[in-house]
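Report on the structure given below.
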Amino acid sequence: MVIQGVTLALVLALIAYLGSNAAYNLDRLGMMFGFDFLSSTAGFDISWSLIPYDPSMTYWRVFLVGITNTLVLAFNVILFGTIIGTVVGILRLSSNPLVALLARSYVEVVRNVPLLIQIIFWFTAVFSTLPPPRRGYALGDLFFLNNRGFYFPSPHSDVSFLWFAGAIVVFVGAAWLLYRKARATRFHQTGNRKVVRTGWFIWAVALVLACIIGNGFVEWSIPALDGFNLEGGQYVPVAFGAAFVAMTVYRSAAIAESVRAGMESIDRGQHEAARTIGFSRYQMLRLILIPQAIRAIIPPLANSWLVAVKDSSLAVAIGFPELVSVFMQTSINQTGRAIEIISMVMGFYILVSLIISYLLNQYNARVQYKVM
Amino acid sequence: MSQFNEARATVSEAASRPAIRIDGLNKWYGAHHVLRDVSLTIAEKEIMVVCGPSGSGKSTLIRCLNHLEEYQEGAIAVFGHELQRDQKTEKFIHQTMGMVFQNFNLFPHLTVLENCTLGLTWLRKKPEAEAREIAMTLLERVGIAQLANRFPGQLSGGQQQRVAISRSLAMDPKIMLFDEPTSALDPEMVKEVLDVMVNLAQTGMTMVCVTHEMQFARQVADRVVFMEDGEIVEVGPPEQVLLNPQWDRTKAFLDHIL
Amino acid sequence: MSQFNEARATVSEAASRPAIRIDGLNKWYGAHHVLRDVSLTIAEKEIMVVCGPSGSGKSTLIRCLNHLEEYQEGAIAVFGHELQRDQKTEKFIHQTMGMVFQNFNLFPHLTVLENCTLGLTWLRKKPEAEAREIAMTLLERVGIAQLANRFPGQLSGGQQQRVAISRSLAMDPKIMLFDEPTSALDPEMVKEVLDVMVNLAQTGMTMVCVTHEMQFARQVADRVVFMEDGEIVEVGPPEQVLLNPQWDRTKAFLDHIL
Amino acid sequence: MNSDAQLKRFVPSPARKPKDSEMTVLRWIRSRCFNSVGNSILTLLVLGLVFYVLDYALNWAVFDAVWHASNRRECMDISPGGACWAGVIDWFNGLMYGRYPIEEQWRVNLGVVLAVAWLLPLSCRSLAHRSLMLVSWIALYPFLGAWLFLGGGFGAETGPFHAILTSLAAGFMAMCYVNWLLAMLKRPSLTDIIYPLVARFVARQTHIFSLLLVWLVFSGVAGGLLSQVALAPVAIERWGGLFLTLIIASFAITMSIPIGVLLALGRRSKLPVIHWLCLLIIELVRAVPLITVLFMAVTLLPIFLPSDMELNKLSQVLCAVCLFAGAYMAENIRGGLQAIPRGQYEAAQTLGLGYWMTMLLIILPQALRLMIPNIMTSFISILKDTTLVSIIGLFDIMLMARNIANDKNWIGLHTEPLAMISILFFVMCYGMSQYSINLEKRLKVDR
Amino acid sequence: QENASTLEQVKQRGYLSCVIGNSFPGFYSLNKDGEWQGMDIDMCRGVAAAVFGDATKVKFMPVQWAQSFTTIKSGEGDMMSKGMTWTLSRDSSQGVDFLETYFYDGQGFMVRKDLGVKSVKDLKGATVCVLTGTSSELNLADYSRTHGLDLKTVVFDDSAVRNTAFFNDNCDALTNDKSGLAAQRSAAPNPADYVVLPETISKEALSFAVKQNDSEWANVVKWTFEAMVAAEEYGITSANVDDMRANSQSPVVRRILGVEGDLNVGLGLSKDWAYNIIKSVGNYGEIYERNVGPNSVLGLEREGTLNALWENGGMMYAKSFR
């Protein structure tokens, strides 16, 4: 009790002390405190943003641009890093020693070199050496890859596209429900796996047809060379590509390690039990090992995701306009509002981490065995 | 040494056709010689109890039978099939033999019922409904049908072991291997499991059991094998091995555990 | 109910001055009533064996004695000291009583010798040399002096349990508590540990043992307590409780484990 | 039942060696790499990929590389497609020591040697107080190191307190070495030699007293000697390169354990104030990227501290990195604490050990050991993360490397320095992780 | 202490603390021995020489853009000489006073020769590489808006990375202060492939800044620079300064070198303050030659630029030493 009181008092005193210092220093340096600057014009350009932006917009807009760019980068890194990481993690346990060795070397090299260096490496040594727009790679005059970025067609009119996208979503949803139902009835009653396979096939054909038909109603803006650059369509810049590849590679190595650890954490008895029942290696993986490993993998995986969001701040080094770059660097330089800006940036990261931990806890609560 | 084994081999020659024949089995873990020239023939419908002190190689032997361990020398034949390291043998072995482990090794992410039906649906390609029926019959037989929808973590040890037995039986094996199925259980629960095993023995299943439950051995075993240091010291009918051991080592061991 | 307990209390009234007196002990885990009005007196130098089915509260009872668990009602007195939740009682208790656990709970990062000397050097403030001497004497007494410099992970279960006993004895307790000291052991190793316990009993140590080893109970126990569902069902000399149980529950249990 | 006399005596047959297996290398490869069509394709793919990458990398880095040139233009003229290591070699000193004056660089080398030498006596298993050596390394060596690196007259610039601690450090090290020598000669240690003498005057804790006495004498002598030495002062601003990277990393690594332990214990505490405080610190710090913490340390810390407080960037950065590393370490240690079975707490309790003793003697040693892989992973990421201090303008190896590209002679040269420090980091980090695997294996024997 | 003039504080402290940036070749950058060099560095050394008579009594503080001004305002840094452009908003609202301009620069563009671009106006729709946090970034946005050029910017935090990106053709143009363009061109695999466009789209007057409202200290900094320019004008160099002090008959030279008069009193410096400056770092012309001149990393001709002496048509015009 005494200890608690003393601690509390100390903490409060410390906060008060820091606060008074800050007040004094702000006053002394003639600095202001407040969020009014958010509504003033930023005046600088941002090279790439998902949401519309031009230099006449406000700092609040800059903040939003930073957040969306960060999230877009992080989301892609998470998605692909998880997929690649899982594959590499499983390959590390391959019975082919060469494959296992390669997977291991990949993981060791990637995770023992600082990410910052890797990002710069991918940018300067790989992505910036792509050919310039005039000599870039093109796929059917629709997709273009050059040292400015990756260009792809985008729908012109928002309304028709929304219809199209909505239709696809509804279609896929319906197909999924049908599949579930077919599986629940036909497959479970007869054990005939062909039903399922045929179902998948029909569904895929229908999807392609739907896309072709739906496409007729949508106007696409297609990138084409015009002056110095490709105009039209949408693009992601090479900085994004480099940051994305570097971080995905880096993340995948970390995830591969979690996956391997998760797989190895399963009691040997489980392998043996599965083998004595007669499951093949693949079935063992699919039915026994992965479902159990998932429980061990998810927490470090979620942690990895969190780190991916945080790591995206390193893209500042190659000029990808994410939150730290546009807000914590450029905006602080322009406005001098360090306290406000840093707390906003930190607030964003804390919020993201709270959300991810909340989801993780929900998942954990659902998935834990009743009693272990 | 080899003479020694031959002498005992005569004793163990069973009348009916052999379900399992083990010939001069030798196994090393690194430099550690854990099975030394083990030869043994187990007839169909025979119930064989293996006992011996800790570390004598009982588990290793039974795991070799089931292809869970590789061995360096010797041969094992199951119903006349020589065991080899290939897909086909592997499949044959696991179709013919079921195994029950000391730690149950149930799949903790599946319910009791799913534990039992998993092999049926995925390997025997039975429709789900039929698989459930088979599994429920078996669970009823071991007396835990009412727990079918629980998860293994919610069961007592005795119940878990009974699930493990049903899971093996569901695959309809010809031979059942048991590796100390009761040693991880509370004293009171041992009986539940032994009862199930006694029942099973009475159906005419070929069984190889590693166990220290001498009560059980006396009641149902056709023969008892006593191992020490990776060797078979004594093999014979329970009355002989348990009550009238020929070797000092056997006697010392029995003195301890009885 | 209370009448019931009183009736038995008369039986358990021991002649010499009580080492432990338990009075109307009640304990709940949440809503689960695990000890129900337990009253018991254990005399100095008495050897008390506690048995009963799994979950009947044996461990909980013995852990209450040693202050590892809190209880909600009732009182426990050790050599006349009423137990309270304070530093002084805590210290007194741990000086007076030693405890041996089912899983040994040796400190895996310390050698056998260090396990035994830890308490002596840090709590009794003995010089290292003296502590080693004491520990070695004890290790010799339990027959494992030659293993003094190994780590627990390198020992068999029986050896580990003997180290655990020496570790407790090193603190020179007046009372020893044992919670199923042999149930995690291989059958052959049980005897090693029981032998040590029998020796200890013969030195006149006050002992409370939770165990299912009826052989041991018959040999050394002064009284046997049978528990069920958190209650003491039966208490008395071993001949009476084990051979001549008064209650059907006791009889059913003994039938299972004997 | 037959009597014992009739029993045959069982003698186990002797163990023998397995027959030589006829597994040749070729067969092994075939059975593992080419045992099915899919596997063969995979094997070939892997071989192709490895060949392609190695071919490219070796050509660039070794066969086509330029080792001697006076500027980048020359490099390009000699071999346009190869690495220009000449620039890296030219800047080698800067990469290692940053701006540390050339004539004083021996002090850095000496400091590193001393840091390693401090721990050498640990290899002697018969030496007493081995854990004290480790603790002293964390608690005392930094003072000795600081004096060596900063320089200035002994106690003149850094204050008498620092001088005392430096002499204590030097004295301790000297004492350890003398004891080590004595132990190798199989003689009793100094402490044991004066033990009987001390025992005449002091009854209790005689051991500690004699140890302190020896130590004080040594420290006095060391202090006396050191005060005769005057080192040229080197300002902290001049620290840089790999030297600075290692200072930051080792400081953060050593501090992360005590900070982590305290935060972890606090988080597991039953006292709500302490629990919530630690929880808040851990979670908030872990939720944000390191660069924002670094930015905060350099831009906000001066605002929150009194205006007359002298701060240099290094100390601000060290605060940030330690806090960051500590919060991560706390989570590792908490994991370790949770993994210790309850039985260990109970066994300690029944022996009568109190909270702190249980923690220090029983739980923490096990928890730390259990978490060695995780702790090592944390250490590695701390080491890697120190490169971020370059973003806020500390001249660590990364920023020095990037400065090569601004040198008149080497303008534009930046892939090679990056490659060089990648290799350096790989060697350090990989070494650490292999060491941890080793350590883990060795400690497993104990369990 | 708080209200004491910066000059007093500097004297008491025993060294000058000078705010610079991380790296800006020609103005401030590390050499391989870890010594700072560049024009800004020499300017600071000159001030140290004026105050202490010892050009080494200076501590350089490389700080981030974001902290440049607070470091000066808080008194941690005595003067800023980091290639900072003198702008109205910085002068009026950042709590600092800008002083003399020691280098006139302007923003320019570099492009590949084979693009065939002759003027910035031809760059419509082009992608431009620029450093973040600089006034170049803002100027570029302004210029693009004014002329409807629709330029796409790609920003970088590190100039080496930016240059590589440009030489790999990731951008059509690179924009920077013109002083830097030549240096960057020299880093190209083949410098002849690149041209610097003639336009200068902004005025960049690189100037010193000190804490606001401290004219005593401002005078010291200001006149240090004036002395350097005046020295060049009157032909005083580091090589001949001893000779000049002993033998020169010119009253102006004698006044500058402290042989005659008491110009030092008002500044609060010693008599030989200007002599110390010239002796240790040289006159403006020498500093220029050494750091940014044709043989330096930047390779800038001085003739005909704004940085030439006023006599040669430039803007370097020393105020009167009287």
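By written order: A, B, C, D and E. Residues from 1 in each chain.
Basically, a contact is a pair of C-beta atoms (placed from the backbone, for glycine too) under 8 Å apart; a residue touches a chain by one contact, two chains touch by 3 or more.
All figures in this text were calculated on a predicted structure; none of them were measured in a lab.
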item	value
Mutual neighbours - chains that touch subunit D and subunit E alike	A
Subunit B to subunit E, fewest steps along touching chains	2
Pair joined by more contacting C-beta pairs (C-D or A-D)	A-D
Chain at maximum distance from subunit E, centres defined as averaged CA atoms	B
Chain ID, smallest distance between chain and overall C-alpha centroids	D
Separation of mean Cα positions, subunit D and subunit B [Å, integer]	51
Centre-of-Cα separation between subunit E and subunit A, whole angstrom	43
Computed distance of Cα centres, subunit C from subunit B, in Å	37
Subunit A, residues touching no fewer than two other chains	25, 28-29, 120, 124, 316-317, 332, 338
Where subunit B touches two or more other chains at once, by residue number	none
Residues within subunit D bordering two or more other chains	299, 302, 307, 391, 414-415
Inter-chain touch pairs (all)	A-B, A-D, A-E, B-C, B-D, C-D, D-E
Residues of subunit E defined as touching subunit D within the complex	1, 22-25, 29-35, 59-64, 66-67, 70, 74, 76, 157-161, 163-164, 167, 183, 186-189, 296-297
Complex interface listing, subunit B residues touching subunit D	1, 4, 26, 28, 31-33, 36-37, 72-73, 228-231, 233, 243-251
In the complex with subunit B, residue positions of subunit C that touch it	53-54, 156, 186-191, 212, 253, 256-257
Subunit C-facing residues of subunit D, complex	341, 343-344, 346-353, 357, 361-362, 365-366, 369, 445-447
Subunit A - residues contacting subunit E, complex	25, 28-31, 43-47, 55, 120, 123-124, 128-129, 131-132, 147-148, 226-229, 231, 237-239, 316-319, 321, 325, 329-330, 332-334, 336, 338
